[in-house]
Amino acid sequence: MKKGRVVVILVWAILFVVLWESVSWSLIHLFHDPMADSKLPYLHKVIAALFSQGNVLLRESFVTLLNSAFGFVLGAVVGILLAILMSASRTIEEISFPYLILSQMIPVLGLAPIVYGIVHDEIASRIIISGYITFFPVSINMLGSLKSVEKEKRELLYAYATKPISVYTKLFLPASLPGLFSGLKIAAPLSVTAAILVELMGAQHGIGVLILRNLYYGPAQSSAFWASVLVSALLGILSFELIVLAERICLPWKASLAHEGGDGK
Amino acid sequence: MSVSEIEIKDVSAVFQPDEKGITALSNVSLDIDKGEFVSLLGPSGCGKTTLLRIIADLLEPTSGTVIVEGKTSREIRLEQKYGIVFQNPVLYDWRRVKHNIALPLELLGVKKQERKERVDKLLELVGLQKFKNHYPWQLSGGMQQRVAIARALATEPEILLMDEPFSALDEFSRERLNDELLHIWQKTNNTVVFVTHSIAESVFLSDRVCVLSPHPGRVSAIVDINLPRPRRNEMRNTPEFFELVTKIRNSFEGV
Amino acid sequence: MRKVTTIFWPVLAGIVFLLLWQLQVFHFLLHIQIRQLPLPSAMIETLIDNWQTLLLYSMYTLAEATLGMLIGSAIGFLLAVIATVFPKWGYGGLIFVTALNAVPIIALAPIMNLWFGDGLGSRAAVVTITTMAAMALNAYRGLNDLKPYALDLMKSYAANESVVFRCLRLPNCLPNVITALKINTTASMIGAIVSEFFYSSRGLGYMLSNSVKIAKMSMGWACIILSAILGILLYSIVRLIEKHAIKWHVSQRI
């Protein structure tokens, strides 16, 4: 990261901290708000709670991450298969596309209570909802990549009388990877959110449960509540960065594209 | 009497975007001998790329036949008997240079060790040994096109089809690559069908130039290029060269 | 001819799906009861029987979603403009909004409830936060990803920054803004409904979670159907705006 950028981020971070602490302070001393501690507890208190509750937070985060990972993988596999099918057959694409879009009009997270009502199993419903929220961005983005393969790349293989299955393994699949990872990057934080939502509806473990518990303990535990909220946000960011890392490993040729200069157009 | 390698007989190609239809090619006939370097030259709309694609079986003619060594162009394609170079290098971004060149060999089922040896020879042929582990984006346009040429030669095909391979390059790179192409061709001796819109390029490279005119696409002239081989860049400045260019330019119709 | 098949197949598939559902094929395959997964006929019935309440709640939820989306998009756009006009320092605003976007809705809801009370405001606030990031990032890209030489052209006319902004950046970012609005329509419905799960006493989300709690599944499904319809409605409005606002764009050509 360039030196200038680091300075800017540092300044913003400091401003942010100062702003937070002053708002918390004014809530208590200027507005005499009885709920001040719940509305915006002091940042340092939240950080303190973060450390004191460290173990619990870590353990529950891991549970949430694991659960959302299962759903994520499931959804990704379904999304990939769907994208391949849709790219291979016009009819399948025409049938599926409207319903794909429709599936996103249904508030996915709104389905959560219903799925839970049917399945009554916290692990299964977490996986189902996470999977549901994942497959759309994955299939749409991967389909986009598949459809934008240049005609000449296909003609090259046609000129060599390549078998259809080889056309897929040598051209379409590698070419679809950038789109696939775009979709995975979008889906990862979403699937974490989905897992947490299901946890809030009655589960035994996970960061969502922790958030709920801290919430119900009332104002005394508000720093702990905020700390757990912070952790849940970090989980979302973490899942995103994990995919970015995976992308860098799987697509060594793509990351470099970002640095194209000179002859690149 | 020598049997021509490629016999194009009365080929027509009509496209139908609307009721009228566009006649890209109208009764085109041409015979190409084994080991010949023939250019298809003309402005846009004259059907030269269409003709090349018909030879490559990437397009079906509306009427007429293309016979290559006694077989149809489809049979030739299915037997992987030709190499093709497009206007864009069409390299696969996710493969290193050496793997891009190896692609046709993979499709042919050549074993790994033999592939490696053949790719190394090809890299030497086009002068890109140092770049064999690079990714396409790291190479200039001219270098990428050289990789594409190496790839087209990988299967040691009888026939090399080239569709304006150097159009996207600047004049200097173009002349240099013309020179290199001839050097390579001297070693590989394929039959080459070369599409271009540059008169100078066609004169420099070919044994014969087939001049095509548009609306509808048809053969206006077939000009023999009797300049001695090996051709040198200095030949571009000779009166003989200029005469041939003028002769060709005057043979265009309806442009 | 193509257009007919484009409509025919999906519609046919949809009808087949509904028929299978109504005939309880899915219940048989998945071993579930009617009370767990109601039949389409039951859902329609519930919809019709309770149409007044549902309509009222729909309007309520729609209001939260639209209000939140408009405010959130406006703030997001403002942040993008600031980041464009003050490139070095404004960037922090974008980072902030991206980080904020990572906070799960579920955690936002109780916090907003504390700040804005029990009414429509707190839900709108949640929607605002969830829609800021998409607009900020898309608008920023639209304002700054200009075609090559476009800026050079402006420079050759000795145009100052505000002219460049007005004549080049703003029109250029319209397609991106529309994309963000499309994303935000779904996000805002989800945000409104999920935040109603907590602390609300009105709205489709409230009705949904409440019905499920007392095992009135048909009502829950009726809410889902309505929210999907609302989502489609919002999306169609954006599409309409798109048709008129960016007639010139590549995506609008056949």
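Just so it is clear, A, B and C label the chains in written order, and each chain counts residues from 1 on its own.
We adopt the following convention: a residue touches a chain if its C-beta (ideal position, glycine included) is under 8 Å from a C-beta of that chain, and two chains touch if they have at least 3 such contacts.
Bear in mind that the values here come from a model prediction, so they are computed numbers and not experimental data.
Enquirer: Draw the chains as points, connect those that touch, then say whether the picture is a line, ring, star, complete or other.
Expert: line
Enquirer: Measuring between Cα centroids, which chain is at the maximum distance from chain B?
Expert: C
Enquirer: Measuring from the mean of all protein Cα atoms shown, which chain centre lies nearest?
Expert: Central chain: A.
Enquirer: Give the chain pair that accounts for the most C-beta pairs in contact.
Expert: A-C
Enquirer: Nearest whole angstrom, what separates the Cα centre of chain A from the Cα centre of chain C?
Expert: Here the centre of chain C sits 17 Å away from the centre of chain A.
Enquirer: Taking the mean of the C-alpha atoms as each chain's centre, how many Å separate chain B from chain C?
Expert: 53
Enquirer: Whole-Å distance, chain A centre to chain B centre, using C-alpha means?
Expert: Each chain reduced to its C-alpha mean, chain A and chain B end up 49 Å apart.
Enquirer: Of all residues in chain A, which are in touch with two or more distinct other chains?
Expert: In chain A, no residue touches at least two other chains, as defined above.
Enquirer: Could you pull out which chain A residues touch chain C in their complex?
Expert: It is residues 4-5, 8-9, 11-12, 15-16, 35, 38-39, 91, 94-95, 97-99, 102, 104-111, 113-114, 116-118, 189, 192-193, 196-197, 200, 208, 211, 215, 225, 228-229, 232-234, 236-237, 240 of chain A that touch chain C.
Enquirer: Can you name the residues of chain B that touch chain A in the complex?
Expert: Against chain A, chain B makes touches at 56-58, 77-80, 82, 84, 86, 88, 90, 92-95, 103-104, 106-108, 135, 137-141, 155.
Enquirer: Applying the document's contact rule, which stretches of chain C touch chain A when the two form their complex?
Expert: By the definition above, chain C touches chain A via 5-6, 9-10, 13-14, 32, 36-37, 88-89, 91-92, 95-96, 99, 102-107, 110-111, 114-115, 186, 189-190, 193-194, 197, 205, 208-209, 212-213, 215, 217, 220-221, 223-224, 227-228, 231-232, 235.
Enquirer: Which of the residues in chain A come into contact with chain B in the complex?
Expert: Contacts found on chain A: 150, 152-153, 155-162, 166, 170-171, 174-175, 177, 251, 253-254, 256-257, 260, 262-264.
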